[in-house]
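Both of the next two complexes hold chain A, though its partner changes from chain B to chain C.
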Partner chain A sequence: MARRIRAACVGLFLGMTAADSVGAVDVVVVMSATSPTVTLNGDQIGAIFLGKSVRLANGAIAVPIDLADGSAERTTFYTKYAGKTPAQMKMHWSKLVFTGRGHPPRQVSDAEDLKKLLADNPTAISYIDASLVDDTLTVIADY
Partner chain B sequence: MRCNPRFPWFLAGSLISLASVADEHQANLPVLHFDGFGTLGVVHSSEEDADFVSSLTQNKGAGHSDDWSAGVDSRIGLQVTAILTEQLSAVVQVVSEQRYDASNSPVLEWANVKYDITPDFSLRAGRIRLPTLLAAAYRKVGYVNPWVRPPLVIYNMLPITSNDGVDASYRMPVGAAVATLQAFYGRRDFRVPEFGELNARDTVGLFGTVELGDAIVSGGYLQTDVRIDAANELFDQFRQFGDAGTAIADRYEVDGSTFSLWTVGGSYDPGDWFVRGEWGRRHTRAFPGTAMGWYGSGGYRIGQFTPYATIGQRIRVGRTSDPGLDVAMLPPPTREFAAALNAGLNAALHSDEYDSLSIGTRWDFMRNVSFKLQLDHIRLDAGSQGDLANAQPGFRPGGNFNVLSATVDFVF
Partner chain C sequence: MSPEPPPEVPERTEGRDAPAAIWSWLAGVVDSRRLFPLIAAVLLMVIWAATWMLIRAHHAGVEERAEIAVVDLAQTYEAQVVRALIQIDATLKLIRYAYAMRPEASVLSELGAHGLLPLDLLFEVSITDAKGQIVASTRDRMGTSVAGQDFFEMQRQTEGFVMSEPRLDPSTGEWSVYFSRRIAVVDNGFAGVVVVATDPAYFVSSYEAATMGERGMLGVLGSNGRFSALRTGDTVSYGDTTDYSSEFSEIDDGAASAVKVSVSPWDGERRYTTAIELFSFPATVVVGLSEREQLAAGNPRVVQYLWSATIASGVALVFVTILGRMSWQLQQSQMRLMQQQVITTERMEHLAYHDSLTGLPNRRLFLDRLEQEVKRANRSSLPLSILFMDLDGFKEVNDSLGHEAGDRLLSDVAERLTDCVREDDTVARLGGDEFTVILTGAKEREDVERVAQTIIDALAMPFHIAQQSVQISVSIGITLYPQDASSPDALLEAADQAMYKAKKSDSNRMCFYDTSDKTDRDPA
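So, the complex of A and B:
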């Protein structure tokens, strides 16, 4: 419960401030280190996580992976790359889910599970606390 | 509600037999998703001689039937989606809410199979909600809407809200924008409180949107042929009165009569605030007549709260009364009956014009849950019953009343 309240406060605070330099967590966008070189701008990354099909240079479609709903990393990521609060993201996906048009990205519970998943899937893209980046990951964007 | 009794159950059966529950690896198809939504709401209306309802298929609501009605907005929806291959999926959604007979029997809202020819071009067959307005396809999912309910001045202009049929959806970039076009065709039977069964056939139309950043513009057209047998019984009585009676019956009855709906809309939602507006025109020569509806709405997000205001209007175009049969010219024994028929005709033609002004706020106080409080001030035009149902003998058309609604919307 405390974690949720903290996440909600972070989200509230982030939502209310215009500058994105303030945040409880420094989040970077990552893919597996084994992925071919990828260049994606902030808008494309946002589009991937909003459900649009974005192709990588090799023609494959990028597969977004989310961290746990309510986590500080997730809230920070969506504020920066999609400009949406968690409630707004839920509304966005609910419109698609309940009209049969799509489902939100797969979700993993923590950074360890994420690293394993990215290692197995070269087209998967996600975000992580910057301090947890290691050499199994490539940083795609860092805004 | 009439539907092929075999179709959805076959689909549900095949979903259950095929799949394992949503799985570790996305490549490991088929996958099943279970989702749901709901609303718990109470409504109070100051108009005590009729019921405030939220949809054209409800016959009981707040005001006369209940001081505080939980039936107007409360509902629960459950959905199963099966991703069968990368291109093929199926969905079944069942909604339980108060219906035309005041029961809450579950209704099949969506039941279709979708095939993605490309990620941008898909075909569907089965039961599909119709995209006539921006929020029409997901109207019942309270959590995604900023208001307690979509503005009824336009969202209640036509009870034809879904099809059993086919549709196609195509999305393409237009410069920096994305355009989507949907085309649909099908049929469906509905039940409306005053008249019972309504059959819609050859329901066909288009709905297009163009999205650029946080802005959307939309336009739609729908056309359908409608039959309402119970209303036609009234008009068949007119046919006993020679050419004059036949002319009245032919004009006003709903026997394969074409109804059309044009809509345009726009929305700008950068996140911290939004504005939205839609306009629509429903046309038919039959007794429900031609009407125009529009609304404008705006809101601003302050932390967890999003207060909003909406103004809207429905205007009737054309006749809301008819002199009917010339009673004086008829032989005396038939005059009373003819007068009663004329009264029935004019009751059917009655105006449903009104203005509405709403203010409210949404409060996202918890993950996946939102609370809303909304006050509607409704001004009925002279002679109008608006969208009120269950009008009592003491009900006086025209006048003003207020509606207070509190809802909790959730998704899971």
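So, the complex of A and C:
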């Protein structure tokens, strides 16, 4: 009757394997092409998507945007930048929402919606399949 | 011959400084061999009693803090659960209202587009018709039925906010708890339910290992007294079938929760536990902290106390040992000093009362002894006699062979005299070539005479001095007490007179005192 959340640690490895299996997806972190040039390291990008406020060079707070839950890009991105599986991310947000300390990023359903949203929001930051990057986007990290 | 203790005893404490005297007195009061172990024992007792009390106080502090912490955590947790339930209920009411306005499946997606639905990642929202068929859902559940589930049956009966028991979805292996409100039509008839479902783990997700440890607990107890979710460390339990309502009945008295230290029946862990029954929802929150973990958190301090006590004990022991040793050494040197003083005093006494040449008692000691013997003779009525001796021919030896030979002769004479009498008898040298003997054992005149004759014979034997044979003789005057005189002085005086008489008569070397002699000598 008991389920160990710690088992999710095992899930981390499974998640990595999953990420490797979807390794065809090359995910890059992007912002709007109109955004001022920013430099963020991997830890800062991870922090932005885990609900911590990170200020950009111009003083604005970075606004994270998520792709749909279960998408290959999302799984790959969180494995790489936050070191967390989808199950661990669910636990993370469960705790923050329950304790009232945070709310997950806004979510868009596909890459087209994402591009539109980024174009309108210079402080917004997200991730996308590298093959879908066009001149409306700036790649700010590609690990 | 052992000298009797002299009458005047020299001042023994002379030359000793005052602190030493005080120390000596203290040492006399308490023997240092017992005093210092006693001090050490008292010190150790004080150190360890203080340590024990500190540890007790520390434990009491830890317990008190744990109780305060558990109440604090419970109040925070209560607020979180209540807020989560209020949000869920608000969502249920909103959806019910929107669905009443527009009873179509698309109402959910429309509400979602406006951000009015709870987080999709954590919550599932559904609407059913009166038969339990799902007519709208944020998940792909159209057409499935909730008929027969506890909450649906309860909503059929009566209006209200219902929290279901946790339920395992066999197809996904995931647990859910269902919150629902009934949808009523105009005539108050049952038209279905609005349902918000979530993982029960959501309600225990605020577990913080940093404050609650690995063995603390958070739990939500449903109205049936069973845990909807129970978390300890990273382990979440669902669907417990045991009714724990009795466990927490004593402490679920609203805001003022009492902390109970007891063994949690589900895992056997001793915990500081408190529970708060929610006011507006059919649930009770339970918070516990592991007693073992809370006390263990204070262990470094206890270890520190024990170490300090151990070090303090060691220092105290070393200190007392050094002190004890110093005291012992002081006592020893004090004792040696005293022994030396006794020896010195004895030597000085010996010198004062003995003739340095022959080692025989001198005139002073002789007179003293004589006085004592007279007193004793008075008490015991035993006779006492004095032999007064003067050497004949000593002056010639002294003149012809020198003073050293004379001294040597006197020593030899002393030795022979001593050999002639019993050990109890006193042989003394009064000065020059005059010797005396106090005889205490001779009962008859003949006995005294025999001793005198022995002396005459002994001294008549030649002496070998400076490679020469020296011949001398002795004249002995004898007095008897109490016949001849009544006082020691008179007795000695009489003996002296008798000796002169003996010297004058060539034939007889010994002469008993005759009372008529006294009158003879007086005119002379």
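In this section, the second predicted complex is superposed on the first by the 121 of 143 C-alpha atoms of A that agree within 3 Å, B and C clash if a C-alpha of one lies under 4 Å from a C-alpha of the other, contacts with A are read in each partner's own complex, and residues count from 1 in each chain.
We take it that a contact is a pair of C-beta atoms (placed from the backbone, for glycine too) under 8 Å apart; a residue touches a chain by one contact, two chains touch by 3 or more.
Quick caveat: nothing in here was measured; it's all calculated off a predicted structure.
Visitor: With both complexes superposed on chain A, which partner does A:Ser53 reach: first (chain B), second (chain C), both or neither?
Guide: The answer is first: A:Ser53 touches chain B but not chain C.
Visitor: Output check: A:Pro122 vs chain B and chain C. Expected answer is one of first, second, both, neither. What do you get?
Guide: neither
Visitor: For the three-chain arrangement built by superposition, which of chain B and chain C touches the greater number of chain A residues?
Guide: After superposition, B is the partner touching more of chain A.
Visitor: Contact-wise, after the overlay, does A:Thr85 reach chain B, chain C, both or neither (first, second, both, neither)?
Guide: Only chain B; A:Thr85 stays clear of chain C.
Visitor: If you stack the two complexes on chain A, which partner ends up touching A:Val63: first (chain B), second (chain C), both, or neither?
Guide: first
Visitor: Using the superposition on chain A described above, determine whether A:Gly100 touches chain B (first), chain C (second), both, or neither.
Guide: In the superposition, A:Gly100 touches chain B and chain C alike.
Visitor: For chain A, which residues lie in the overlap of the chain B contacts and the chain C contacts?
Guide: 4, 69, 90-91, 94-95, 97-100, 103
Visitor: In the complex, go through chain A and note every residue touching chain B.
Guide: 4, 8, 12, 15-16, 53, 61, 63, 69-70, 83-88, 90-91, 94-95, 97-100, 103, 106, 120
Visitor: Please output the residues of chain C touching chain A within their complex, sorted ascending.
Guide: Where chain C meets chain A, its residues are 80, 83-84, 119-122, 175, 199, 201-203, 205-206, 234-240.
Visitor: Flag every residue of chain B that touches chain A in the complex, lowest number first.
Guide: For chain B paired with chain A, touching residues are 25-26, 33, 35, 37, 77, 79, 81, 83, 89, 91, 93, 110, 112, 114, 119-120, 124, 129, 137-138, 141, 143-144, 270-272, 301, 303-304, 364, 367-368, 370, 411.
Visitor: Would you mind writing out the residues of chain A in touch with chain C in their complex?
Guide: Going by the criterion above, the answer is residues 1-6, 69, 90-91, 93-95, 97-100, 103-104, 107.
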